[in-house]
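In what follows, chain A forms one complex with chain B and a second complex with chain C.
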Partner chain A sequence: MKNSQLYKGSLTTIVMKLLEENGRMYGYEITQKVKEITQGELKITEGALYPALHKLEADGVLEVEVENVDNRLRKYYKLTEKGTTETVNRLAELEDFIRNMQTLVQPKITN
Partner chain B sequence: MTLSKENIAVIDKILLKKYGLIYRDIRLEILDHLASELEISEGTFDEKISEFMESNQEFIQKTNQLLTQQYSKNGLQQVTKIVFSLPFVLLYAIASLAFYYLIAVHGKDWFLTYFDILPIVIPAPLSLIELYTLFTSKRRLCTFSLVGSFNMIFMIYLFLVIHLVRKADAIYAVAVFSFFMTLSLAYYYSYWIAVKQHTKKLI
Partner chain C sequence: MHPKKLNAEQIEKLYAFTRQHYVEYYDLQTELVDHLANAIEAQWEQNSKRSFEEALQIEFKKFGVFGFMEVVEKRQAALQKKYHKLVWNELKNFFRWPKIIGTLATIGIVFYALKLFQQDVVIVQMAFVVLVVSFFVGIFWLSRKNKKNRQKTGKKWLLKEIIFGYGSITGLMNLPIQVALNVKGENYSDWALLFFSFFIIFMALGEYVVLVLIPSKAETFLKETYPEYNFVN
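Our next item is the complex of A and B:
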């Protein structure tokens, strides 16, 4: 991810949001989608992505489907029922966070 | 470029032999990531592969290391989850009553002669099977981490707790012994669930 601590805490929320919008995705696809949406501004470090995906899977937020694609096995991730609810909560939390930060950084604009 | 079955086999072999990605479940994910990236590049496979793998060295090693650490933690979390589950508590209660009855009827010495080593003997076959898979291409980190966590607890029983069971009063000995007996049975169940889930994913 872009070299900043600010983004690190948001990685799982970004992944969950993407999965909410796209149904199911595989690891490489997630990195490319983030790059595409942010026009290359934000780049997920692959080394951080896979541990995050596995953690979400272990927590029951994501489930996995493995398929044979182009001569190899591919792991697709998708949100579970619990994950869908969790995504809504996390996004609301993130929005609150952004609003509060904006108030702190630019109090005149937001007031 | 499109990667053939042979090209994929080459990448798989490099990941296994050069980078030491011995677990199949981790290797398949990293392999797919690398293959997806390689497919969008220009040139032929033979021209690109060495340089490409070299440029991804850090990603491969870091991901492997982080996932291995994470799975080890997951193994312990799974054991904790099992111990606090209702079926485990019920089985523990039944085992405690059964062994308490056996001790009351036959005495503690009789019980120690035949039973005290059972929490180590019962899990042994499964641990040996998992150990065997480590020498084959079927090794999986998801089951190995679970087996590792369980066996760590069984080793604590073998080297420490068994002496307490032998010395303690019957009632305390039964409580501790029954816990490890229940755990050794839960070990088989958890392993079966882990394998089932892994197999389901691969279908």
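Our next item is the complex of A and C:
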């Protein structure tokens, strides 16, 4: 189940939701946070996370800050104003999707 | 006990490692270096005896068989999209108040000039040839300037590479070449002439944006995209 195709489409929404909750985060932090929340069930691969972040950044959903931490530069991502609105929409969309899937997957008990 | 951290020398090694694995751009190198460094430090928290090299190999494997390649490719695509947006926004400005007056006036002048000279097909063709030649001269000049600059700083920034010496617009240059080749010395309708005028001015403005306007604002765009641009250059 870990890296199922089903999760792939939701990756950006998951990232946006995390940023909404935590303010700014850096790439490695995001992978760890996802692992922690889902108790290792869902692993965001490095090869998928950065492209997703860069795309969101180019779309104006995320903006970046850079700081010097422990001898190195760290790039933080956070939601832009547009990104915050977008997150609300995407989450609503995802919830709809989940609801629809539930009705599809669980046989309805008809009277 | 303090958690074990990477030292400056090891950070340098990580930069070298990303370069060895085909990550040319400093902006991307930096992000990957921090990622690898965090991951290695996390490994050390579990097992402080593991060597730096060994820990690095374990982390690199997580990127899959293609290594950093996909990350690099997607980053290129994302920044190219951003660049096109920048070009488009600047271009749109010429069709907004108050600049649109100048744009329309120039289109009008070109229209009358074309009407006047349409029998002399060479003159019309020249207009298109000038457009194409100036584009390639401009691109050549910009990329040379960028190369010199890069030799000074030793760093390659992806967006900068796109802005200076860029080729994705080059394909569009085929259009004026085709027009120049197919134009004939005959009487065109006013609508056709108007279309030509619009086309010439649109191309000229596009060139101006790509070759002059955006490069002149490059520092601003680069600082916006790369907050780190300021303190490493």
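The criterion applied here is as follows: the second predicted complex is superposed on the first by the 106 of 111 C-alpha atoms of A that agree within 3 Å, B and C clash if a C-alpha of one lies under 4 Å from a C-alpha of the other, contacts with A are read in each partner's own complex, and residues count from 1 in each chain.
Please note the rule applied: contacts are C-beta pairs under 8 Å (C-beta built on N, C-alpha and C of every residue); 3 or more make two chains touch, one makes a residue touch a chain.
Computed from a predicted structure; not experimentally measured.
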So, A:Phe97: does it touch chain B (first), chain C (second), both, or neither? neither
Between chain B (first) and chain C (second), which, if any, makes contact with A:Tyr26: first, second, both or neither? both
Across the two complexes, what residues of chain A are contacted by chain B and by chain C? 26-29, 46-47, 50-51, 54-55, 58, 64-66, 69-75
Sites on chain A touched by chain C in the complex: 26-29, 32, 45-47, 50-51, 54-55, 57-58, 64-66, 68-75
Which of the residues in chain A end up touching chain B in this complex? 26-29, 46-47, 50-51, 54-55, 58, 64-66, 69-75
Residue ranges of chain B touching chain A (in the complex, touch as defined): 2-5, 7-8, 28-33, 35-37, 39, 58-59, 62-63, 66-67, 70-71, 74, 77, 201-203
Note which residues of chain C are touching chain A in the complex, please. 5-8, 11, 30-35, 37-39, 42, 62-64, 66, 70-71, 74-75, 77-79, 81-82, 225-228, 231-232
